[in-house]
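Pasting the structures in now, so scroll down.
In what comes next, subunit A is part of two complexes: it sits with subunit B in the first one and with subunit C in the second one.
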Partner chain A sequence: MSRRARGILAAIAALALAPGALAVVRAMPPLGDHPLPYGDAVNRVAPAERAVSNMVTAVNFDLRGFDTLGEEVMLLAAVVGAVVVLRGARGEGVGDRPARCGSRPIPPRSDAVVLLCRMTAPLTLIYGLYVVLHAALTPGGGFQGGAIIGSGLVLVWLGEGYNAWRRMVPGVVLHALEGGGAGLYALAGFGAMLTGAAYLANMLPLGDWGSILSGGMIPVVNFGVGLAVSGAFGMLFLEFLEETREPEKGEEQ
Partner chain B sequence: MTALLAGLLLLVAATGTGVVLSRRPERQVMAMAANGLALALLFAALQAPDVAFSQLVVGTAAVPLLFLAVLASIRLHRPEERPGDRPEKGA
Partner chain C sequence: MSALPWSVALWLFAIGFYGMITSRHYVHLIGCLSVMQSGTYVLLLSAGFRWGAGPPVFADHPPGTPAVDPVVQALVLTDIVVGAAVTALLLALALQLHKRRGTLDPEELRPMRR
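The block that comes next holds the complex of A and B.
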């Protein structure tokens, strides 16, 4: 299709959709308006009944904790699927040499990159842990903190190179984090059932409002999510970066 | 609507246009990361810090990195294509 014909088609489509879009824009509530009652209800219930100050965490890990378990299993399935597809094409063997594109030499990392990564990687990892542990108090939580930890692992790769990265971040540890975290979440639900309550019911003492351990079950399942997400992001990065590695002759491909 | 929100909305629109207009994949990845960063700032300004966090780590760090790894892998396994090649017009 020529450029001109595509332009005409796009203009016709835009004209046809314009009345509908205009109607939707006119019917939208004004900015900042929240006509539904749920936000106010959560703000009322969560500090009083769960002793947490981050309402998003209260919703994710308690009020709809079972849905979050589903999301957790979904992430586990997605990452395992990606790993199976990539390893199916590549084989399970892993090596510690970086990729080469043809006969082009690998440029050495500049000192500035190494210095910057050595300064920021530990800080990023610790900040990720902080975000995981303070889920009940401040914005963030297991997912966000776990993803920050995953980014920190990539900074290690960027600063130290492929070989050192593979030695410092063993795949087995990432697998254990991913599976163990998801398992912790699921088993925490069964733990509540031992006392005769419903699955994932909040049976632990709630603690004081503003304390890092407030929220009863919330810190436990949140920590499980944090472990699982850091493992999941680490596994994804590891498998994708392994794809950019060129195998030696005779090595499993 | 405050000037901050208006400015951030314009920034999101500008960076989004940048994603559409960049033709080379590696530049497009960076444009997408910039768009993700603008969205994260907008979410933070709209008082949704948890969403801003997720947007920042997923949209600005994780997804662009995975795209770059895929691009590197494609280059690696098809070395006859030179990195500077532009995509075909009208493809």
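The block that comes next holds the complex of A and C.
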């Protein structure tokens, strides 16, 4: 189909769908002024029943913890897919040859970038760990904190370069983080079954309100998610970075 | 005014869709997919909004104070994670495609055209 025919077809489809979409927009309830039964139920029940103050974490890792396991496995599947698609011997060897982007050599880093990254990378990694660990208390959690840790890994690369980055962040560690985090989540569910409860039931003592370990099972599965997400971002970053390396002799493209 | 967030969600979805149809580059197309998905974030967060309510995190205000809906916020979190994973997978595929065929223009990549 030519570009022109595709445009005409899309315009016809848009004209057909527009009245329905506009009717839906007009029929939606007024913003911020309609009942929220499920949210109110969570806000009422979860602080008392689970001793956590972050309701989003309570929903994600307790009330619908099984869904989050599915989400975690989906993330694992997508990352494994990306790694398999990009896998090759290219970039595995840590040599001193400069990275190239096509035929264009990448210029060396300036001292200002190195200094800035050396200052911000450790802080970003620690902040990510803080966000992961305080999931039950303040905004954040395993997914958000894992993404921040992933950004910290990017800052390490920006400051130290590819070769140093490969030495500091070995691929096998990232694989262990990703697989171990997802495995911790799944095994925590089986741990609850050992006590005779349902899969992923919250069987651990709930702890005190405001404590970093409050919420029983929530900190455990949240930590698993934090490990898995930071490992996933690191693995993706590693695979994409390997593509920037010039293939050595005999390596596949 | 009360229809504004729903209109924004519809607009984001529509403009991302338009970008996908007219796209001449797969990386641009993947970006358009992310724009379409942003419409769902706006829709979900607006559905859980409530005037005069605080965040559903009771760390600095006691439980029982009015708060917005945490269920849709958890859904948006899932949405963002799925979006990031799908984007990474699609970009990996685009990279391999460029290596095999030397182009990322959808028009040049008909299955039967070699």
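For the reader, a short list of remarks on this structure follows.
Going forward, the second predicted complex is superposed on the first by the 212 of 253 C-alpha atoms of A that agree within 3 Å, B and C clash if a C-alpha of one lies under 4 Å from a C-alpha of the other, contacts with A are read in each partner's own complex, and residues count from 1 in each chain.
Throughout what follows, contacts are C-beta pairs under 8 Å (C-beta built on N, C-alpha and C of every residue); 3 or more make two chains touch, one makes a residue touch a chain.
Remember, predicted model here, so these are calculated numbers, not experimental data.
Partners subunit B and subunit C fit side by side in the overlay (superposition on subunit A).
Once the two complexes are laid over each other on the shared chain, residue contacts for A:176 go to neither subunit B nor subunit C.
Put simply, more of the residues of subunit A are touched by C, taking subunit B and subunit C as the two choices.
Of the two partner chains placed by the overlay, subunit B and subunit C both lie in contact with A:243.
Once the two complexes are laid over each other on the shared chain, residue contacts for A:10 go to subunit C alone; subunit B is not touched.
In the superposition on chain A, A:39 makes contact with subunit C only, while subunit B stays out of contact range.
By the document's definition of touching, of the two partners only subunit C reaches A:47; subunit B does not.
Contacts of A:206 after superposition: neither subunit B nor subunit C is touched. Angle at subunit A (Cα centre) between the Cα centres of subunit B and subunit C in the superposed arrangement: 40°, in steps of 10.
Of the two partner chains placed around the shared chain by superposition, subunit B and subunit C are both touched by A:143.
Once the two complexes are overlaid on the shared chain, A:131 sits against subunit B while remaining clear of subunit C.
Look at A:31: by the touch rule set out above, it reaches both subunit B and subunit C. Once both structures are fitted on chain A, no C-alpha atom of subunit B lies closer than 5 Å to one of subunit C. Residues 3, 31, 54, 56, 139, 141, 143-144, 147, 236, 240, 243 of subunit A touch subunit B in one complex and subunit C in the other. By the touch criterion stated above, subunit B contacts subunit A in their complex at residues 1, 5, 49-50, 52-54, 57-58, 61-62, 65-66, 69-70, 72-73, 75-76, 79, 90. Partner subunit A is touched in their complex by these residues of subunit C: 1-7, 10, 14, 17-18, 21-22, 46, 48-51, 55-59, 63-64, 67-74, 77-78, 80-82, 84-86, 88-89, 91-93, 95-96, 99, 107.
Within the complex, the subunit A residues that touch subunit C are 3, 6-7, 10, 14, 21, 24-26, 28, 30-33, 36, 38-40, 42-44, 47-48, 53-56, 58-60, 64, 67-68, 71, 74-75, 78-79, 81-82, 85-86, 137-139, 141, 143-144, 147, 210, 229, 232, 236, 239-240, 243, 253. Here subunit A touches subunit B in the complex through residues 1-3, 31, 54, 56, 99, 101-102, 131, 139-141, 143-144, 147-148, 150-151, 154, 233, 236-237, 240-241, 243-244, 246, going by the rule given at the top.
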